[in-house]
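Below is one structure, written out as structure tokens; the observations come after it.
Order as written gives the chain letters A, B and C; numbering starts at 1 within each chain.
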Amino acid sequence: MAATDSTAQTVKELERYKYGFETNIETELAPKGLNEDIIRFISAKKEEPEWLLEWRLKAYRQWLTMTEPTWANVRYPAIDFQDAHYYAAPRQKIAPKSLEEVDPELLRTYEKLGIPLREQEALAGVAVDAVFDSVSVATTYKKRLEEMGVIFCAISEAVKKYPDLVRKYLGSVVPPGDNFYACLNSAVFTDGSFVYVPKGLRCPMELSTYFRINEKNTGQFERTLIVCDDGAYVSYLEGCTAPQRDENQLHAAVVELVALDDAEIKYSTVQNWYPGDAEGKGGIYNFVTKRAACRGRNSKVMWTQVETGSAVTWKYPSCILQGENSVGEFYSVAITNNHQQADTGTKMIHIGKNTRSKIISKGISAGHSDQTYRGLVRIQPGADGARNFTQCDSLLIGDQCGAHTVPYIETKNPTARTEHEATASRISEDQLFYCLQRGLNPEDAVGLIVNGFCKEVLQTLPMEFAVEAQKLVAISLEGSVG
Amino acid sequence: MALIEIRNLHASVDGKDILKGVDLVIEPGKVHALMGPNGTGKSTLSNIIAGRDGYTITDGDILLNGQSLLEMEPQDRALAGIFLSFQYPVEIPGVATSTFLKAAINARRRAAGEGEIDAMEFLKLVKAKAKELGVRDDMLKRPVNVGFSGGEKKRAEVLQMALMTPRFAILDETDSGLDIDALKVVADGVNALRSPDRSFLVITHYQRLLSYIVPDVVHVFAGGRIVRTGGPELAEELEAKGYADYTGAAA
Amino acid sequence: MTASALSLVTVTEAAQAAAPLTDAALTALRAEGLTAFAAHGLPTRTHERWKYTRVSPLAEVSFVAAPTGGDATAIQTAEEQALNVPGALRLVLVNGRLRPDLSDAAALTQAGVSIQTLSDAIATDAAAVKAGLGQALALADNPFVALNTAALSDGLVIRVSATPQAATPLHLLWITDAAAGAAVLVQPRLLVEIGRGAALTLIESQVGATGGDTGGDSLTNRVSDITLGDDARLTHISLHNDSRQARLLTALQARIQRGAVYDGFALTLGGALVRADLRVELLGPGAEARLNGAYAAGTGQHVDTTSFIDHAAPHCTSAQTLKGVLDGTGRGVFQGRVNVQRIAQKTDGHQLHKALLLSRGAEVDTKPELTIFADDVKCSHGAATGELDEDALFYLQARGLDPDTARSLLIEGFLDDVVELVSDDALRDALTAKIHQWLESRS
């Protein structure tokens, strides 16, 4: 029957990527290339204050002195940073004041993606910020949130309306010079979401940003900043898709989270950028810097990521655990198929006393893909009583893929305790046969077993998205079982 | 016509002959018992009927209703009505038993051209059957076989059998690891499923189970084939005398 | 070249001049080693494999060639530091050179076991020596192997062939004899070739002639090339127990053929800097490697085990369990990589590192790594760090033990656990005795 034997070798063209369509809409583009004038152009388009332009230019000048990191276990041709548009926006006569004024073509695009923006059709309890190429085109439930004191808007809007908040926190977790891609982002970021939850408020709605790359030859450089004040709570989810194209496109985002005393942020990602075709042509380069500062006592940040898309992923959502008793958690499912490459993991930096972290990573490699878990757990001398638990499991489907685990565990405090476990194996023949004997076909059986393997991570997703994520897990592995 | 017919079946694993000419005919509605010493190929036979990979069939055939099974994938055999109650049911972490049962039921419905089962209907069906077999509700929420005791695993197997309504069921050492109370529950479950168009092959080492599931025919299996066939009294004879006569013959 | 490594190069060049080789190929290899070292200099922390171990201070040391050394008191002191394995035949090497006068004569005359000094072996058959020098560690990527290769002349060649009677265990006593005030550089090479179906138990003790806390500065840069033929077996027990000032860099490259078993255990107790680079290649089906060990590092000590286990054939097994105790400002490093090549289906590879931190200022850095290119494998690694179990301590105190004794008992238990993996009673006892000695000296 050879259900796993001939796996992955006869992988068919990906019909699975149902988000590969393109929206025909008139677009305003910056000229190709990157220089100080382009940055001035972006800043002017956004009507930004002088300080932000200076901030960008300073980052750009620093970026010029930096080199691309090469330590990750990913390979791709050199990127020509001059061969892309750094600003692309759907042409709209005037900035839409309400959803009624948004170009219907854009609304239709998001509907096709399964994200209705008209509030009467939208998922109840989920507010959405829709980012199309370089700009935010719509934010739902804005008014309701405002009434509660929650700020949820495009970051460009926040720069104008809440300059003090933005200025205080922007770059405070990921400084512009942090790394090559974060630095590039700092120079050219166009849009993204800004969230501020005031003291003591548990935000009753899920906040969600939906990122869409549409235009050819553009990169997307969004910047997200979430601040949870003392005792506040927010659950935030981002989703991403892009059209199916033969060229590679760059996505270099920066996400900064700040949690003050007793604050909690739950940040979930379902990343489904176009992964390229079965031969590895096209797809998004996903080079993202995500970091949370648990500044306050008893603060908590939980990252959940379901990574199924992108041709190349380079991403390490991290937590800096400064506040006493602060908690960082990282739950990840990464699936690579065909020729995808992913080097992803997390960093947990324990600084404060009694800080705790938990890392659960489930990697599934199929086809000719290569996947690496790379993680750092660092216990600083002052982190008395710190605790870390890490579990990394890899599943290999087919004999042409790779699965790698590279954890770094650095302990400088005797009262801290760290535990790390990693396993790698293939889907058990016994499990597969058991399912087949009950009448399941091999693809459903693998989907079921893999979903079971990922359960611990998937169940941390907000309920509205957990079901979608389970389907995505099964779809991403289509064609990997013979 | 026989429901299941095994003709001169020879099979090997890694070049080692395990089955050496198995002949077996089971009529619809009959329960056959297959008894014999350990390590003589009884589980191999059940795995081969269910279509497990890793065995080489060197001669012979297996027919279900006159159709050969040998070229069929395991899932197609299952959908055609073959059910194997595993000697060692495997654990599938993270997959809730109820999710698994639903997937298996829907696979059958899809094959029959029917729509997926309604969630309420499914729940009603499963809960009713589970109750009969003493399978607690919380077991349905737990991952497939994970953390189940030996007895719970076997009950869960019989529950699956009841839900899959097979034509031909193989019970591979279903009695192993069961205390007497659990044995009765499992046997009652099997007996409830006996019907004129459904047949069973009960593989066991001991006569004990056969006091509760009374077979029509008993076979002695040794050295990779059936060496003797008789009625239920044969099981009692084996219980009294053991397999010494056959282990010698097999070697 | 980094000018800073000049002293190491100068002393190595002098060693070359003092012991010229007649064989052209080996002379060229020496030159290659020197060129490679000179080109890359000392590794820095940007080299992933040296991320946690700084060797740049070596640049500040003025090294001299090692003296002959080895007077009677030196030998006696060294013996006290070494493993005590009754029945093993002893070979003594002072500053890398074999001292037949101090060794068991029987060691050199065992049936099936050929032992030669490296220079004798080169004189006998230079080509055979060259073939045995591991090609596994590329000189360009392994500066200290390159430096050792450049100095090629001191050391030992052990070849074992299958005989009806098992060979008596061999015990190599590597003695560093450094006079106070001078920093000696010792660069021996050990070649071990176990022929098809043959077996050997090899014990090594790296010790200082002055013992414990005294003794001069030294750098021992020792490389071992081990080849195991089909179905061969090597039980390899190493003790690193040099004086507090000693620096020890060892590199071991083992090539293991079909059905052969390498069973290694290393215990590290003494030395300022001890770095063990282990590279094991499983080259034929059924080959097996065990790389277990234990270490203790107190104030001023840095112990680093960096291993690379390469599964290059199907059906191979590797297992590595390492346990460390860090006291004072001691620092432990474990970097272990298990690589499973695409061809290596049915691999079984497991790795575990556990460290106990006894004090503030102690540090442990762990990087276990799995790189897997075959799917039908069972691989795992685990790592844990923590302090002594408070509940256990309290329990022992409640039974009347004083806190120090209780702590010692728990530490010993922690380490004993891994020593248990050594199956031979005499060897296990010898290791346990050393651990006990270390614990006594601690309190």
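Assume a contact is a pair of C-beta atoms (placed from the backbone, for glycine too) under 8 Å apart; a residue touches a chain by one contact, two chains touch by 3 or more.
Computed from a predicted structure; not experimentally measured.
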What chain is most central when centres are computed from CA atoms?
-> A
Hey, which pair has more contacts between C-betas, A-C or A-B?
-> A-C
What whole-Å value do you get for the distance between subunit B and subunit C if each is reduced to the mean of its CA atoms?
-> 56
Quick one: subunit A and subunit C, Cα centre-to-centre, how many Å?
-> 45
When the C-alpha atoms of subunit A and subunit B are each averaged to a single point, how far apart are the two points in Å?
-> 48
Under the touch definition given earlier, write down the residues of subunit A that touch subunit B in their complex.
-> 1-3, 5, 428-431, 433-442, 444-445, 448-449, 451-456
Partner subunit A, residues of subunit B touching it in the complex = 50-54, 73-75, 77-79, 82-84, 86, 89-95, 99-100, 103-104, 107-108, 111, 143-144, 160, 164
Subunit C touches which residues of subunit A in the complex?
-> 4, 71, 381, 394, 396-426
Of all residues in subunit C, which touch subunit A in the complex?
-> 48, 342, 345, 355, 357-360, 362-387
